[in-house]
Amino acid sequence: MEKSVVIGELAWPEYARRVKEQAQPILVPIGALEQHGPHMSMNPDVLLPGAIAVAVGRQIGALVAPAIAYGYKSQQKSGGGNHLCGTTSLDGHTLSLTVKDVLKEFARHGARKICLVNGHFENSMFAVEGVDLAIRELRWEGIHDFQVVMLSYWDFVTEETIARIYPDGFPGWAVEHGGVLETSLMLHLHPDLVDMSCVPAHGAASFEPYDVFPPIPEWTPSSGCLSSAADASAEKGALLFDVCVEGISRALREAYDARAKASHA
Amino acid sequence: MEKSVVIGELAWPEYARRVKEQAQPILVPIGALEQHGPHMSMNPDVLLPGAIAVAVGRQIGALVAPAIAYGYKSQQKSGGGNHLCGTTSLDGHTLSLTVKDVLKEFARHGARKICLVNGHFENSMFAVEGVDLAIRELRWEGIHDFQVVMLSYWDFVTEETIARIYPDGFPGWAVEHGGVLETSLMLHLHPDLVDMSCVPAHGAASFEPYDVFPPIPEWTPSSGCLSSAADASAEKGALLFDVCVEGISRALREAYDARAKASHA
Amino acid sequence: MEKSVVIGELAWPEYARRVKEQAQPILVPIGALEQHGPHMSMNPDVLLPGAIAVAVGRQIGALVAPAIAYGYKSQQKSGGGNHLCGTTSLDGHTLSLTVKDVLKEFARHGARKICLVNGHFENSMFAVEGVDLAIRELRWEGIHDFQVVMLSYWDFVTEETIARIYPDGFPGWAVEHGGVLETSLMLHLHPDLVDMSCVPAHGAASFEPYDVFPPIPEWTPSSGCLSSAADASAEKGALLFDVCVEGISRALREAYDARAKASHA
Amino acid sequence: MEKSVVIGELAWPEYARRVKEQAQPILVPIGALEQHGPHMSMNPDVLLPGAIAVAVGRQIGALVAPAIAYGYKSQQKSGGGNHLCGTTSLDGHTLSLTVKDVLKEFARHGARKICLVNGHFENSMFAVEGVDLAIRELRWEGIHDFQVVMLSYWDFVTEETIARIYPDGFPGWAVEHGGVLETSLMLHLHPDLVDMSCVPAHGAASFEPYDVFPPIPEWTPSSGCLSSAADASAEKGALLFDVCVEGISRALREAYDARAKASHA
Amino acid sequence: MEKSVVIGELAWPEYARRVKEQAQPILVPIGALEQHGPHMSMNPDVLLPGAIAVAVGRQIGALVAPAIAYGYKSQQKSGGGNHLCGTTSLDGHTLSLTVKDVLKEFARHGARKICLVNGHFENSMFAVEGVDLAIRELRWEGIHDFQVVMLSYWDFVTEETIARIYPDGFPGWAVEHGGVLETSLMLHLHPDLVDMSCVPAHGAASFEPYDVFPPIPEWTPSSGCLSSAADASAEKGALLFDVCVEGISRALREAYDARAKASHA
Amino acid sequence: MEKSVVIGELAWPEYARRVKEQAQPILVPIGALEQHGPHMSMNPDVLLPGAIAVAVGRQIGALVAPAIAYGYKSQQKSGGGNHLCGTTSLDGHTLSLTVKDVLKEFARHGARKICLVNGHFENSMFAVEGVDLAIRELRWEGIHDFQVVMLSYWDFVTEETIARIYPDGFPGWAVEHGGVLETSLMLHLHPDLVDMSCVPAHGAASFEPYDVFPPIPEWTPSSGCLSSAADASAEKGALLFDVCVEGISRALREAYDARAKASHA
């Protein structure tokens, strides 16, 4: 219990010691319950940032909060759309309030460095709003040194890694949903939650440069995936995992440091 | 993946089959991140209803949704108070909106039988409000047969079991926080998250018949527990677990049945 | 006008004097408009805490604010359910906001000691949330010494009194709705609003250890009462009234004192 | 109990009979807790519409709901301003939600004709918004024949009556606050809550054709009144009361009738 | 670009200079998209306060913010009602939040003197609420010298001007909607948006001293106007425009001055 | 007035005819008041989509609603950040509610085809949420054929055009803020609002793959631009304008058609 980086697994005196005495950052995974095709479970958006956060936490001495497990509504061009069965989403305001409330509590405990580790594209702006609202209200509490890093793990996949993962050309993160990235990571971390025999064979979805609401169901491949995970592998997953963990660990060290310098300047 | 009762571990076609064809109920654990004394991790309120929900799901053929991991503010007389370090809570409205949003999504998928399995006393009324708001909006969607059971697992501990667990007299659920019930269940399910050598020795807290805000910190034992878990054991935990799982399984069969009868009368 | 403890009956200069110079506490009754069976009016939840608050106000030198007359939704196991005709309730958030707004106004006037005197069980948690939100925003105003006592009057009925009121055994507050306690108090205070010839004869309702939504109407006795008031009497009402007034008066003196001590420690 | 027009004083079966069988309208007084000068209590805005509603209810066979006792923030040019001690107000959204919730509940009971009887000028638009929101949501419930009359009692004082009440010229409702109208009505209905020896002698306040926020305290007469009640009398109060009760009674008969005709046309 | 008083037309360094160095007030027009009869476009409520604000800005050295172009719901007795085609309105809370957000941003930039220039009667109270909320939250930010003037331009039309505009008697602002005032001003400022050949000939609407919801469509003249603009002219418009611009310019100088004096007293 | 495509410039009968008889789509520009560097006014995000919408409206026979002139908070990596002077933003929820309210009103008028023409990147997700909320509530009103296209105009700049506009390589839309695209369009449409002599000379900003809150001011170029507009020209602006207008016109024809086909399939 003492060694864990997972907040929920600590007794409060140990948590208090890490937050107050050691000023450890708190990483908050934020995901979704969302269909990811016929070949994969519906929890990658929460499992993947959760696993990455734990690995980062171990590297840099940070704590990992319970994941925010339900996310914002899936968009057709990035997640297939929120009309799909299984996808279970919050209104934007609910998500922003959740982020706000949780961050303010960590601040009350004494935490001053937070990182939202996002695993679901559509969360980004509502999480950002929650962060902004939390910082505003903390200012009203007299807390002016609360700092938040907001990131999505795939933004730390380097060009070099992309070239290795997608030797035949990178279709873009936009159509990654249920594709090679997520499936490889799941094969690496949770192979029991992937069934490669069910991977759809269709090519990458292509979309118009606009969105329509309600979505036109025919525009989403019937698999729910936006590209095929046929080329996914556990090895690619391990590579992706490592590059994300390394990149995020380095980024967090730099980010909190950059602010410290900026504040002291 | 196919055999799991955990929604997040299913691919969407299997989930769709269970919800639409088999009309399986969905159990939603609702917990908290809350200090539970120096001898125990801060996640029992989410782990315990989660484990009970999975066991019930296996017994009665129900699905288990991702837990709502952050709950309403701890109250001094039931959880020590929300001023304590580690306790991480949502505003009431945020929690109600979360419950509302999630339930409406399950209804959109076709689910009509829900059970909120609560593990944190203070959640109850805000979860109830979320349920009421969901049912109201679903009525506006034209859905009139959506039914929700709301329960807290400890209410299924029978008098007989209480007599066995507390041979020297039952102090009441009110001061159970971090006490024999929760600690025994954790010893049964997650012994690695309990350190019996740190159990506080103090007697049960006693409170005035009123609440004060902000809380007077001195009124909460400094351990954060409201009674001592010294008499907790894994055996008691197993007994409690079984009685809750049995009781809830039976209750759910009856409840959905009672409504069916009431509707047809 | 000068002698009244009722805020509404005072001209503002006298109110200002009492709040600012005398630092009198303000008692805010919070009730409901709710069916209470065929033998009683629908206003006991607001009349009873109102009358108790006035008596307490006279004893300890406190002011009584206008009652919050509409409360949170009646629950089946404590008030028969919110599907019943006559029961007229607010959404939880509306009630919390009302409490928040009113408390902040009293703080603006200079009041620092508040007591919410609750007469409707279901109000409790939403009133608590309103109190928490008010205290938070007052902190942002720079007010750090605002203190609120939250109580429900029946929690001041002593064991001894219960034994006298219910010589054949106490069925528990849970099924009191429209029963001996409330009816006796109304017979004592407002005999014209009770018609004992209409008291239902059925035994105490018994409920499952869970709630169902929407409620199954058949689970509530058709009278709307959860137990019979046949044994109610004005004498019992007088006894109950006195024990509540004494208990609350003593409690408030202690509570504000306890905080003063805690603050100075 | 059977004869009362006050909802709170009825047992639910009688209420149900009046609402469902007799289709009686429900009148909802909506007031404020607001300073009204040094010579008068702070509750006229709730007592006056309440008394008028009861008298109207008796004339036309309508029910009177519990008053909404806290209103919107006092404005400097109509009530002296919300910076004054004693004035206790709600945020606009809180008031709108309260009106919405209460109206929807009456609709659930079967009521279809509502009248908001306003006694506090500043309430008007937020009450109107609450009405609009209620009607919208009731439409979603499938209720399309819910009709609401919104009125402020002073708008029923006829030109002829004004000429009798203010023989030296009518200063306008704008500066009536704590003046002849309200004081006369209180002298008629609650003489114990008026102390004519404390009536301020100053002339009517005059204001710029704009508002400033925060208010400039010097712009409000230090009495809190916007004109002098020196000419108030119980006789004038009786006259005003009668003209309002007659006017509103007639108006309600016409209004519900007008809609019936419009609907059938 | 440098000479404009319109904020949107300035580059940020010039804006920053005017707000921070010159402490220029910011005027925020607030209007509506609302039918104004068959003879006039639907934008007078935003064009008129916008044009007046620009002229005032030039006179007194103030900036003009982008107009809030959608307003609160049209009321039957002042704008024909919100059931009419073309009228496009916000919920009250949305409007209040918009005003709050925008004002807080100007305060963040350094502005301390704001004027809301209202062109749509129904906006008033929701704009007032937005102002109050902004001032409250700015206090929490530590900003205590933020001052807002709230005005509707027609309140600056003098008695003398009214006598000249309405030689046959003034029907009152209440029925002005789509009438002589607005039409004359539009003829002066935007003659291309008026077609005098379509002016309805009917007399001024007359209404009961109460409102009904939903509105009874027959109570609004079918033109959507509440009085006839037959007597409108560009000359009257020029006169009205000048008197408003002069009056508001003078008022703003006085208002900000009055506060300065009050603060220093 | 009759020929305009601008809703605000139409009298209501003409608007009603176009919406109800001709079923014209309604285009709603949605922008921001945001600093765009020292060389350009702060209104391009509202002027550009507004001008594009009018041109598209003329091409395809659509109406243009008043722009939503204030947008969501500027983000550091796309707009420099919301800490900058001049940038004037709404909370996310406020923006979503505004979009929701306005869309529902157009639906009430009879419109069924809407297009949000976005000019400010950060608006996207909050506008999407407003659209989703509007469609949900319209469903509750019984309106099931309401369709919304959501687009940002720059997404219609073709690869070919990009190659012509940025002959030395396209830095990506991410750093376009205040750059060649926006400045060229403004030079084409509003040359008086651009001063090319003030264009900053710095290279494109580069950012980390994460965001920090509060922003570190040093990370934004002090000009407020994210890249240099030195290569902007009115000719490029004309080219960009035409390609956007053509692309959007074609897209809207296709989109409404696609849905029609999907619905009939």
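Quick notes on this structure:
To keep things simple, chains are lettered A, B, C, D, E and F as they appear, and every chain counts its residues starting from 1.
By definition in this document, contacts are C-beta pairs under 8 Å (C-beta built on N, C-alpha and C of every residue); 3 or more make two chains touch, one makes a residue touch a chain.
Chain identities (UniProt): A, B, C, D, E, F = Creatinine amidohydrolase.
None of these values were measured; they are calculated from a predicted model.
The chains touching subunit C (Creatinine amidohydrolase) as well as subunit E (Creatinine amidohydrolase) are A, D.
Chains compared, subunit B (Creatinine amidohydrolase) against subunit E (Creatinine amidohydrolase): the Cα-based superposition rotates one onto the other by 180 degrees, nearest 5. Averaging Cα coordinates per chain places subunit D (Creatinine amidohydrolase) and subunit E (Creatinine amidohydrolase) 28 Å apart. If each chain is reduced to the centroid of its CA atoms, subunit A (Creatinine amidohydrolase) and subunit C (Creatinine amidohydrolase) end up 46 Å from each other. Touching of two or more other chains is recorded for residues 91, 93, 140 of subunit F (Creatinine amidohydrolase).
Remark: the chains found to touch one another pair up as A-B, A-C, A-E, A-F, B-C, B-D, B-F, C-D, C-E, D-E, D-F, E-F.
In the complex of the two chains, the subunit D (Creatinine amidohydrolase) residues touching subunit C (Creatinine amidohydrolase) come out as 1, 7-13, 15-16, 19-20, 33, 35-43, 46-47, 65-70, 84-91, 93-94, 97-98, 101-102, 105-106, 109-110, 192-195, 198, 224.
Against subunit A (Creatinine amidohydrolase), in their complex, subunit F (Creatinine amidohydrolase) makes its touches with residues 72-73, 75, 82, 91-93, 96, 122, 124-126, 128-129, 131-133, 135, 147-151, 155-156, 208-214, 216-218, 247, 251, 254-255, 258-259, 262, 265.
Those residues of subunit E (Creatinine amidohydrolase) whose C-beta lies close enough to touch subunit A (Creatinine amidohydrolase) in the complex are 137, 140-141.
Per the touch definition, subunit B (Creatinine amidohydrolase) reaches subunit D (Creatinine amidohydrolase) in the complex via residues 139-140.
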